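Okay, so chain A shows up in both of these, paired with chain B first and chain C after.
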Partner chain A sequence: MVKMNSKKAQMKIQQTAFMLIAITLFFVLVGVFFIGFKLSSLKEDVTSLEAKQAKLLVSKLANAPEFACGSAFSEKKSNCVDSDKVLMLMKDIDKYKDFWGVKDIKIRKIYPKLDRDIVCDTSNYPNCNIMNIIERGTIGTYEQNFVSLCRKEVVGDKPYDKCEVAILMVSYEKVK
Partner chain B sequence: MINVNKKRAQEEMIGFGLIIIIVAVIMIIFLWFYLMKPTNQNFNNYEAENFVTTALQYTTDCKEPGRDYLDLKELISWCYDLKECENGNSCSILNSTIKGILEESWDVGTGKRIQGYEFKIGVFRLEGDLEREIFSQSKGNLTINSRGYIEEYPKNRKWIKVSFSMFS
Partner chain C sequence: MEKKGFLDISFGWIFALIIGVFILFLAIFLSVKIIKIGGSQQGAEISKDIGIILDPLETGFEEGKTTILDLGIESKITNICEEDEEFGRQAIKTSQAVFGKQEGGDVEAESYNKYIFSENVLEGKTFYIFSKKFEFPFKVADLIFILPLEKNYCFIRAPEELTNTTRDLRLDNIIKADSSNDCPETSEKVCFDLRVSGCDTKVNLVLNYTEKNNKRLYFYEDSLMYATIFSSPEIYECQLKRLMKRVQSLAIIYEQKKSFVALKNCNSAIDFGLLISQTGSFNKTIDILAIANIKEGLESRNKFSQCSIW
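What follows is the complex of A and B.
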């Protein structure tokens, strides 16, 4: 009788042990599934954070001192980029390459439209429509914002403010 | 004896079932939180606001006699007052300028990020009723899902309202 009870107890212990192993395995599987799920969304989170940063940057960049029209123009303008200033900045851009923490920054004039794309430099300015401010040649995704691209023009001997419609583009790299 | 064993086995089955239900509930809660995470909007109001602000600052081809070229904001007032530019009719220049800006700025259509837009300029009395529509243009599919921006500024005890709506 004692022997039979002891065998039953052993069976019971074995049963409990198997049950515990099964539950542990079940939780481990759930954990593995959850971690895998989280890791896959982590890359998406990094990309969306970079996109958010680019979006924030693109909205404040036009008002940064390196770009903004400031008081050089007759009336205070918001979202206004001084293209003369940007052209000078482009000549000395190496000092600013990592300042904003993004891959590319460019300005594309959209109205009035030119017949073809012409990248701006000191020889063709202002008869051009693309200002590559920071260019690393990376393939990324752009966040963009409408800005007024203003410069000083002269009619006769009188200077006046000439503002055109442009988009300021900031690119960030997508995490693969 | 068999009955007692059967009962115990049933209890164990119920216990195991309960554990599975608890785990399933936890997983559903995690999934729900994940799915309820706010998704990125395709476009925001600031895009419309920046567009209107930028368009209003655009230097038009309308030359004020003996003075500078007018920006779009000034040209709207000029058109409302039926004043002539040195080089043409102010309202014609206003129309062609806005049409050009809209055409080059927005690529609309089915399957695109923005399906349509509507741009309006009107002069409103202080009571809020429309006195005169200066410009109105819409393009594409004007769906129920819209966002936009209205810029208003005073003009001779009236309000000039420039509104832009994007439809997705």
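What follows is the complex of A and C.
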């Protein structure tokens, strides 16, 4: 009789244990699903914040002291980038790598148009059309803004201001 | 006869109860953790958002801009300034009241190109954010000021020009008064006349310093004067050091640009050497006055140069 009772009890314990394990597993699965859902929405939030930042930054970057023409070209211009200054900035760009909090910053001259893309450096400037200011080599999404790209030029021995049309591009990385 | 205990509970029930309690505690523990993580996530998102909405405050030709930040619920913004690294570091932490307790606030949103002047910790639902251009002598940055809407400042005997600026910036929490008795009780009293008593902050416009929390903070021109009034001394000293680092870096770029454009017959008699060395050794706020003399010299030279460098 005692043996029968103890067998019954053991069965009951086993049943309860299996039930509890099943409940725990169920909650763990729900938890994992919830965390996964949260994580994916978090990644979306990060990407949308990065995009928002790039969008707002690109509209104002031309006015940043490292880019802006200021009063260097006869009259004050808005959305104007001083390409002579940017070229000097590019010489010592390492310390500015994280300064604006974006992945890449580049300027592409669109008018007058060149036959092919030439990346600017001190040896070919100003006969080039792409200034890679911050370049990390990552594939990102670009936000862009039209700007005037101005520099000093000389005819004979007289300096003058030359402005061209360019696009200022800022890229951010999509979180996968 | 079978012997029965005081409580007739089988082992199965006891086992289920113990495990049940364990699961319940685990669930409560996880819920608390999730709420905390949610709070941190929300705090981090708000901090990042604040950082992002500061971008449009970058000025062009205008002197300043204002915007209102409404966080909806009682929030705490912590302003962090670090002067190390190349340009120093600016960070913000935000925490919000959840069931009367501040949650989040452990994740920082950092930036290197922003300079926020405020008290160390700001509390409130709505905040005024305004920016002022800082030129030294070329444009260096836009100084950003954050003030809680609920906190009033009483400017006692402030110059007309100054009150006009605060009016133009639509800063309604700045009140103009002739004596400290005319100020609201809870307001921070800022005196521009040293003969006035009962002041929290004293501004000396002749010797260019502000006395606050028993500290003397030197400034140069309007934007830095506002910075001394609206920020804690530690934040002001740190941000000023960061600004001087940026002045130095920009001066190096302009020095190189000067030589580069000189090849195109665009000559300038400006020498940035002294500005570069003086900003490099900047240590105390009083040093700003000596550097300001160099700045004024450069400014007039650039104005009368054949070629403007900035």
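Here, the second predicted complex is superposed on the first by the 135 of 176 C-alpha atoms of A that agree within 3 Å, B and C clash if a C-alpha of one lies under 4 Å from a C-alpha of the other, contacts with A are read in each partner's own complex, and residues count from 1 in each chain.
Following the convention adopted for this analysis, contacts are C-beta pairs under 8 Å (C-beta built on N, C-alpha and C of every residue); 3 or more make two chains touch, one makes a residue touch a chain.
Quantities reported herein were computed from a predicted structural model and do not represent experimental measurements.
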{"item": "Partner chain in contact with A:59 - chain B first, chain C second, else both or neither", "value": "both"}
{"item": "First, second, both or neither for A:72, with chain B first and chain C second", "value": "second"}
{"item": "Contacts of A:85 with chain B and chain C, given as first, second, both or neither", "value": "second"}
{"item": "Which superposed partner A:163 touches (first chain B, second chain C, both, neither)", "value": "first"}
{"item": "Partner chain in contact with A:112 - chain B first, chain C second, else both or neither", "value": "first"}
{"item": "Of chain B and chain C, the chain that contacts the larger number of chain A residues", "value": "C"}
{"item": "Contacts of A:30 with chain B and chain C, given as first, second, both or neither", "value": "first"}
{"item": "Partner chain in contact with A:9 - chain B first, chain C second, else both or neither", "value": "second"}
{"item": "Chain B versus chain C as contact partner of A:135, first or second or both or neither", "value": "neither"}
{"item": "Contacts on chain A seen with chain B and repeated with chain C across the two complexes", "value": "15, 23, 27, 59, 78-79, 158"}
{"item": "Of chain A, residues touching chain C in the complex", "value": "9, 12-13, 15-17, 20, 23-24, 27, 31, 42, 45, 49, 52-53, 56-57, 59-60, 63-66, 68, 70-73, 76, 78-79, 82, 84-85, 87-89, 91-92, 95, 98-101, 152-154, 157-159"}
{"item": "Residues on chain B engaged by chain A in the complex (per definition of touch)", "value": "12, 16, 19-20, 23, 27, 30, 34, 40, 46-47, 50-51, 53-55, 57-59, 68-69, 71, 100-101, 104-105"}
{"item": "Partner chain B, residues of chain A touching it in the complex", "value": "15, 19, 23, 26-27, 30, 34, 37, 41, 48, 51, 59, 77-80, 110-113, 145-148, 150, 155, 158, 160-166"}
{"item": "Residue ranges of chain C touching chain A (in the complex, touch as defined)", "value": "10-12, 15-16, 19-20, 23, 27, 30, 41, 45, 48-49, 51-53, 55-56, 58-61, 86-87, 111-113, 138-141, 246, 249-250, 252-254, 256-257, 260-261, 264-266, 306-310"}
